[in-house]
Structures are given as structure tokens and as C-alpha cells.
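Starting off with a structure, shown below.
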Amino acid sequence: MWIYEKKLQYPVKIKNPNPTLANVIISQLGGPDGEIGASMRYLHQRYSMPYDEVVGILTDVGSEELAHLEMVSAIVCQLTRNLREEDIKGTPFATYFVDHTTGVYPIAASGVPFDMKYVGVKGDIIADLNEDLAAEQKARVTYDNILRLCDDPDVREPIKFLREREIVHYQRFCDALRVTQDKLDSKNFYACNPSFDKGCGK
Amino acid sequence: MWIYEKKLQYPVKIKNPNPTLANVIISQLGGPDGEIGASMRYLHQRYSMPYDEVVGILTDVGSEELAHLEMVSAIVCQLTRNLREEDIKGTPFATYFVDHTTGVYPIAASGVPFDMKYVGVKGDIIADLNEDLAAEQKARVTYDNILRLCDDPDVREPIKFLREREIVHYQRFCDALRVTQDKLDSKNFYACNPSFDKGCGK
Amino acid sequence: MWIYEKKLQYPVKIKNPNPTLANVIISQLGGPDGEIGASMRYLHQRYSMPYDEVVGILTDVGSEELAHLEMVSAIVCQLTRNLREEDIKGTPFATYFVDHTTGVYPIAASGVPFDMKYVGVKGDIIADLNEDLAAEQKARVTYDNILRLCDDPDVREPIKFLREREIVHYQRFCDALRVTQDKLDSKNFYACNPSFDKGCGK
Amino acid sequence: MWIYEKKLQYPVKIKNPNPTLANVIISQLGGPDGEIGASMRYLHQRYSMPYDEVVGILTDVGSEELAHLEMVSAIVCQLTRNLREEDIKGTPFATYFVDHTTGVYPIAASGVPFDMKYVGVKGDIIADLNEDLAAEQKARVTYDNILRLCDDPDVREPIKFLREREIVHYQRFCDALRVTQDKLDSKNFYACNPSFDKGCGK
Amino acid sequence: MWIYEKKLQYPVKIKNPNPTLANVIISQLGGPDGEIGASMRYLHQRYSMPYDEVVGILTDVGSEELAHLEMVSAIVCQLTRNLREEDIKGTPFATYFVDHTTGVYPIAASGVPFDMKYVGVKGDIIADLNEDLAAEQKARVTYDNILRLCDDPDVREPIKFLREREIVHYQRFCDALRVTQDKLDSKNFYACNPSFDKGCGK
Amino acid sequence: MWIYEKKLQYPVKIKNPNPTLANVIISQLGGPDGEIGASMRYLHQRYSMPYDEVVGILTDVGSEELAHLEMVSAIVCQLTRNLREEDIKGTPFATYFVDHTTGVYPIAASGVPFDMKYVGVKGDIIADLNEDLAAEQKARVTYDNILRLCDDPDVREPIKFLREREIVHYQRFCDALRVTQDKLDSKNFYACNPSFDKGCGK
């Protein structure tokens, strides 16, 4: 279980609303490589992992991604605060506004609601760790692209923090994969599954 | 942010695997009225709520739903433990197994992956609280149906606990709605939105 | 069955095309809280309702929502009439136009086609009526938002009519819930289902 | 608008419940070629049709499809009536039951909720009429397949009625296409659109 | 199997980037009537076709659609080449860019990823050929609409080539349907399926 | 473009129909890690790759995956051949049969139609190659699971061939990643994108 602590992992204090930028950043909440997918991926992959250290990494990283989704939500919320109707009418934000007013609803930048199809849980340690490495790289690219599109330092600072964390996570999953391959038969490491193939890696 | 505490909100200790039952219960993880949808609904609706007590209720309940999704995952995981290939071959569980082995992947009982389309965030306190009341009732029905289909006391006890919590949440959202209506103009309580209509409820 | 009567429930006569506004209003046709979802929700929930007066309300309201989806379609159609290619090229309407020309296709404002995942049918009278109350509030908010984004009186008048009807429907579902709770055991009204739990409410 | 008449287009009186058969027939409600898609296709294609007789055919057929979806719902409802929990536990119907009890929810036989992606509205008379011809043939095949899987005469009779109607609709759309081609330049009939290409067919 | 030949079916050489136009044209890659759907439709329908000449047509046309999806991808790629960040920031292309940079990802113009729900495979020759006729008409309309929205001759030429091919395919499917009807009982041609109904067409 | 050669990459000759097994194997056609997703992933990622050898690998592997989807389709087709109605009635295959007869339609084992959401194209060489490594591992697990559920040697042989090819592809993508990292600044290899960050890797 998780205990809520009433503070963001990294502070978000945005002075100027910018709904056009919010429309882009929201992808890191509910988009294909966003934080909801990330937390759900790691917190669910835990159950079929055969090694405690890998379960531990997934729990840590998955819980941290919950903190990240709260940060991204806070960014989106602050970028759409205090808008007047004239700031919305006829802008691209209007298509979001009609269905969600200025609430925070988890979608991709394209407008497509979050879908668990973006997430893989194969119940196989090698496949799942490769999925996790890919996920962190894809999230890193999304943050890179947000930084390419955003000048406001109030937004850039928390985004840079989030981007750095994805790189740290990538390295942790690299370690997890190395540990796993050492435990399994190194020659055939992607050819067996310890839950089903009894002699696997022995 | 959330701090992980390594214990389930209510213990799950299932002795007998039952993949057919897991196929049904998984809906309360990734189904239309499951715990992922519940936590995401409340944790995101928070941002557009005008009253602190309502934000507090949504944060509390949303964080508790995270604990519930961990419980449902644990139930699904334990019901599919130690299966032999003969327990899977030719059974309805095989269509899940081919894509997820015995990992825990958030889908509805129908096999459809979780989709945020099940969740409403309207950025309007009256609409969102009505959504929450409905969500709790729908989750309650799902637990009722699981109980109708399940005889194993090891499974029934945590499910009964989860069902009770939905009723408590329903009552909390009833309170939140009452508080809100008292603060708004009681005659027109569903006709204005404090974020946009300045005189609303004054 | 339904007999078609060749007239709109409320007249729609729009003089000036406005594809940008059509892009927003279309959400009340095929969006998360639009009229297709509304009619399908009520017309299908009817089958598991234990009380005739509730079946009657659902049939009435569901049939009226069919009339509403015809009104919203007429609004969208009239707002995209007589466009020249220059009115479309390079505008946000172009992404709709490429796939549907100026036909009326049921999508959300985000561009996502209508999906029945927006609709709940639980086969439980208390849950389904709570769903209906939420649905009416969410539709009401969508109409509120359309009014916030729209100045054209030709469009505002039918939208205001539709918004008023949602409030009337909300009140009818409040009545239905009251009637239902009187018939069921008032203390435990959300804890049983008359189709399965024989003594329920007796 | 549509006036509800409290009778089915063709009577449905099923004596014996059969949830396994209901699981299959429900596809003709919410499946890829089901009656919801059919009614929504025709009732929305109307708006961009240049000829009154074609608008009339689409309105007629679309309204009749509403009557058909009511018939299919009635069949599904009657096939799942008076089930005891023992009739559901461990059967394939259990995955439906957990989320919808014995309510009628519009899905495909696969369990996937209805999605408007099954429906095409191109805003082009030739393309839309070809879509309609294909839709009627696909619905006809679904009814053929239901008849291949169903022995109960109480179910077969209304299904045969529905199948016959699809063939009548196919013929009406053939007529509509013929009328249209006569009006357009017969050599180039699929190469222009009267709404955009002014000299088209002149 | 397919052997790759390193050349486009028709040359694509676009001098001027135009991400707004790419946003529209991409629908003919991953949209409801795009080339991915087309190739997948024909290449999969082949398996249940009873006549060799129809299998041959489906294989030919399906393989050609693979070449078309390569052409549409090349158009999208070339229209988004050499963009500077200033060309993207604040434009409608930004919502695509954040998730895919300038990679080519198969979506509809609306932003919705390609979904096989757009494609019908009924396992019935009459229904499937009607589906194919409709598909070609719908693709033709999409190309018509692209031409209405596009002035750049470098883009128009390959699009006109693709449009012409759809008309040729339509004619081939007309021929296939004629051949099929001649082989089946002409009076009842849409009322039987040679795979199941043994006497069908004899 | 691709030239069709009328032979399978590896022969498929199945003597005994087995629709239950077809229901499982079809996931390697239209499921989350199936061959349609694989071919579409590689053939579209090509366009944003900066190095010719990587483009070459993606073209090769993507074209081979087209051959694989043809093999999986052939397996599914042959497993559902010559069924009598009695072989389908009341079996899990009936929910597939009602909508597709014995045609081959690309879905996951769960019944969910193929969705491009399973596929990532980030327009970034490091992220895309990590995605590809994960994709090959996930496909390998699916084939492992099929082998765990399948005794028929006629089916096992082509499945084993397909599984081996995924391992070869994994190794080719490992090589591609190594080549790429050598070309980029080895310390920061996942921190830049040669298309946007000019000094990247210099």
C-alpha cells in the first residue's frame, strides 16, 4: 500500500498559463509513453518476477512514477489556470475544454485517452526488463521533445528533473537485466522462463 | 507523492489456484469499474475541485484505491500460481496465458485492456461527484457479482473487505456532495461552475 | 420500435457556417457524454430494471435522446454547409474533412470515434440510476462549455434547449432513485439486487 | 425525432434461457456489423446526401434498424433470464456477468464494446452507398452464422425475420445506387462529389 | 512471402516541408480508409475465398497496397524533413511531434492510431467483396479530399497516381464480384456461403 | 515496394483442425506482440533512422515479418478448415465464428482487434532500437507460450521456426544498437537525437 505525503517530489510553480503547451505536455500523463503507463507497467510486472532485487527495483520505480504523474498533472493544471473564455474560444485547447473544462484528464497529446495497450506485461523476466528499458527511453524522448517545444523556465525545470529520473531508471533496469542474465544460463538467457522451464539457467 | 509500505491493506492468502476465477476477478483490476480506473479518477479530479475538504476526500480515497489495486493484483497472482501446462491447455485461461504467461496484466474480464474512457473528469464539482457516486456503486456491483461466483473463503474475505470499502467511499462522496450543495446556491446547484461563473453560489 | 416523425424536437436554423465551432459541438454527438451514449445507455438499461415506472422513464428519456442526437447532427451539418476549399485548407477542420468530407460522423471533439466504453450498464438498479444521474450532469457540463465558447444566437438557442432537457432528465432520474429506495430496504439500499437476492428489499 | 411505440417489430418469446447463445447473438447488437452500427451509419449519412429519395431511404432503414436493435436486445435479455448462480459460475458467461450482471450491454461476441470505428461516413454519396451495401451483406452473414449455431425455434424465427430485412435493405441500397448513378455522369460516377465539384454529373 | 525491391512504385520527391499537410495525408496511412487497412483487409480475406481468380486478385491488390503504404510514408516523411524547432512550436504538428518526433507513425488525421476495427473479414465471398468495393470508394474519397486541400504539385502527382490505382482496384473487385455471382445461383447470390452450405449455387 | 512470391517462408501443412488452438495462435497475428505489429513497427521506423545499415536491417526484418504474418495466417486458416457446425456450436470458437465465419481476422487471443497502440515509433534511434529489442523478446515469449500449449507437431515445427527467427532478429537489433552507440557520444548515447541536436555524438 501507499501512504500519501502532501508534497510534490520536485516543486512545480508556474506563473504564466499556456494551454497550448499544456496540450503537448499532457502526453507525458496519459500518452503512449507517459507516467500512468510507466507506473502501471512496473507495479504490475512485479508479480511474476523471480528475483527479489528485481521486484524491489520495480516497486521503487513504479512508486516514483506515481509521484511523477502527480507532477505532470500539477504542470498541466497550472498551465490552464485562470483562463478567461476569450483565451479558449477558437483555440486548439477548446476541443479539450468542451469535455473536461479545466480539469486534468489523462490523454495523449493527440487527444486519445490513456489505454493499457501501451503497456506490456509478459510474465517473463527478460522480455519485461527489455520492455522497461524501451519504456524509459521512449519517455526520455518525450521529455526531450517537450524541452524542444518549451521556453518557459518554470516548466523546463521540473521537466528536466523528470527527464533525468528516466535516465536513472534506465540504468537501474540495465542493472536488473545484468543481474538476471548472471543468474540465468548466460548463453541462452532469452530462451527460458524460470516459472515454467524447471532447468532454466541451472 | 506516495511512500510505499510493504504490506497489503488487508491480507491475501489463497491456498488453491483457480485461473477461471482469476479471469473474472481481474475485471476489478482493469475492467470498466475496476480499481485502476477508480484511483485515476479521484487522483485526477482533485485538481479542479474548489473546496479543500473535497480535495482531501479525493486524495484519501484515490490513495486507498491504489492499495486496492495492489490487493486485486495479489489475488489474481495467487489464483494463477503453480499452474502446470496441463492446467492451462484448452481452458479459457489459455487466451490470457499466451500473451501474459502468468503475469498480472490489467484487463477487463472480457479481455479488453484498461482504457481511460471508463473514467470521467469534467472539471465541474457537481458532475464529478455524481460520477464518483456512480463509480462506487458500479464497483460495489462488480464485487457483489464476484461474491456470487466465488465459494473459496480465502478469496471471499478480501473481496468482502474491498466491497465494504466501496460503500464507505460512496458515503464519503455523499457527504462531499452535501457540503458542496450547501456552499453553492441550493436552487441552482447544478447550473454553475465556480471556476468560470464568478457569482456562482454567492 | 420507433416511428420517425420528420421534424426536429426544437428547430435548428443556422445562417453562418463555423467549422471550428462544429469541431467542438460534435462532442455532444459522439463524445464521452454525448447523445449517442445517452440514448444507448438508457435504452439498454431498461431490460434489467425491476420496476415498470423506471422502465418507462428510461424508455422516454432514451427516446428523447434520439431526438437530441438528431438535433446535434443538424447543428454540426449546418455549421459546415457551403464551405469552400479555402475555408478548410490549413484549418483544424481539415483533419476531419480529409476522412469525412462534410458528412456528420460521431466523434468526440478530440477526434476519437464514439466508443461504448463511455456507457455503463451494470444490471443493478441502484448502480444504473447513479450512472444516469452522473451522465446527465456530465452532459449538462458539456452544454455549459459549448455555451461558454459560442456567441452565435442561432446555435445558442437549440443548445440552451438541450441543456435544459438534461436538467429535467436529471430530476426524473432523482425521482426514479427515490421511488427505488422506497421500494428497497432503505437501510441497505445499495446492498442488494432484486434479480438475484430474493429477499432484497422485502 | 422518433415516437416510441411499445411493441417489437416482430415478436420475441423465448422459453428457455441459454447464456452461451446470448454471448454469440449479442454481436448483432454491439458487434462490428450489428444493429447499433447500422442505425448510426444510416441516420448520420443522411446529412450529406444530395438527393431526397436517398435521404428518405436512409431515414427509413436507419429507423428500422433502431427497431432491430430493440429486438436483438430482447433476445439477449430473454436468453439470460431466471439464471441461478450455478448456471453462471465457471461458464463463459461469467466474464460478462461480472461486469453487467444480466443487464444488456452492447458488445461484440468477442467481448469488445461497440466502437464507431466500425462505421463509415465519408460525405460522398457513391462511397457511402457502397459502405451501406457492404454493411447489409456483413450483417446478413452474421445472421447466417447465428442460424448455423442455433437450434431453438423461438430464437430462429426472429433471427430469420431480421436476416430477411437485411436483404430487403440491400436491395433498397442497390436501387439508391442505381438512381444516383443515373443522375451523375455515368462514365465517371465514382470520380466526383456533387457537394464540391460543381459540374459533377452535368 | 514478399521480396523487397528498393524503389517506390511511383516516385516521391517533395522539395518543401509542410507539416500541416502531412497531418492530413497521414490518414491515408493509418486512418479509417488508409493503406494499412487496405493491405491487411485483402491479404487476410484471401484465406476464405473459394475461387482461385479471386484469391489472385486479393493477393495482387493487397501486395500493391503495401507499396502504397510505403509511398504514403515517404510523402509524410518528406513533408516533415528539415524542420526547425520554430517550425513546430505552437503549431498543430506539435501534438504529433511530442510523441513521435519526426518519425512516421500510422495514425488517422484525427490522431487516432490505426485500429483493425476499420477492416472487415467475414469469411463470406459476397460480403467480403462488397466490403472491398466500399473500401476502394472510401479510399478514393480520401484522396479526392487530399487533392482538394493540397496545392503542391510535388505532392499532388503521387496522390493522383494513388487515387487512380484505387479506381482500378474498384474495377477489379467489380469483376471479381461478377465472376462470383456467375458461379453462384444468380437468384440467391447473397444467401449462401460455399464453405458451409454444400448445395450453394449448384 | 514488395514483390509477392507464391510460397511460404517455411511450409505449413496441418492435418488436424483445432479451433481452440487457432484461438490462441491468432494472437501472434493480431495480438499485442504479433507479426502485424512487428512488420508495421520496423517498416515505419525506417524513415527517421540516421544510419543506412540500420535502415537496411529494419527493411529486411520488417519484410520478413510480412512473410511471418502470412505463415501465422496459414496456420490459423488450416486449424479451422473443414469444421462442421457441430464442431463450433457451444465452443469458445463460436464467438469468433459469428463475426468472421472461418475467415482469418487479425485479433489478439483475447478477441481484441489489432491496434497500432501496441507499436512505438519515437523518431529517435536509441529509443526505437530499444523498442525493437523489447518487441522481439515479447514475440519470443508468445511463441514459447504457444509451444507450451500445443502438442501437434504439424503446428510446432513452423512455430519453432518463427521463434528462432525472433531470436535472430533480436541479435540483429543488438548489433544495430552497438553500431549506433559507437557512432554517438558513448557517454551520453541516450541523451541526444542526431536530427535535432546538431553536435550530438560529435
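The first chain written gets the first letter, and so on, giving A, B, C, D, E and F; residue counts start at 1 in each chain.
One rule holds for everything that comes next: a residue touches a chain if its C-beta (ideal position, glycine included) is under 8 Å from a C-beta of that chain, and two chains touch if they have at least 3 such contacts.
This is a predicted model, so every value here is computed, not measured.
Each step here moves to a touching chain, and the least such steps from chain B to chain E number 2. Contact with chain C and chain F alike is made by A, B, D, E.
If you take chain A and chain B together, the chains in touch with both are C, F.
Set side by side, A-F and E-F show the greater C-beta contact count at E-F. At the far end from chain B, in terms of centres built from Cα atoms, lies E.
Separation between the centroids of chain B and chain C, computed from CA atoms only, is 25 Å. The geometric centre of chain A is 41 Å away from that of chain D, both derived from CA atoms. Rounded to a whole number, the gap between the C-alpha centres of chain B and chain F is 34 angstrom. Multi-chain contact residues of chain C, defined as those touching 2 or more other chains: 32-33, 85, 92, 99, 101, 107, 110-113, 115, 117, 122-124, 141-142, 148, 193, 196. If you sketch which chains touch which, the pattern fits none of the simple shapes: not an open path, not a single ring, not a star, and not all-to-all. Counting only pairs that meet the touch rule, the chains in contact are A-B, A-C, A-E, A-F, B-C, B-D, B-F, C-D, C-E, D-E, D-F, E-F.
The residues of chain A lying in touch with chain C in their complex are 85, 88-90, 92, 94-99, 101, 107, 110-113.
By the touch criterion given at the top, residues 32-33, 115, 117-118, 120, 122-124, 126-127, 130-131, 133-134, 137-138, 140-142, 144, 148, 167, 170, 190-191, 193, 196 of chain B touch chain C in their complex. Chain contact summary for the complex, chain C toward chain A: residues 20, 23-25, 27, 31-33, 92, 108-112, 141-142, 145-146, 148-149. Contacts from chain B toward chain A in the complex involve residues 1-9, 30, 36, 40, 43-45, 47-48, 59-60, 63, 66-67, 69-70, 73-74, 76-77, 85, 99-107, 113-117, 119, 121-124, 128, 193, 195-196.
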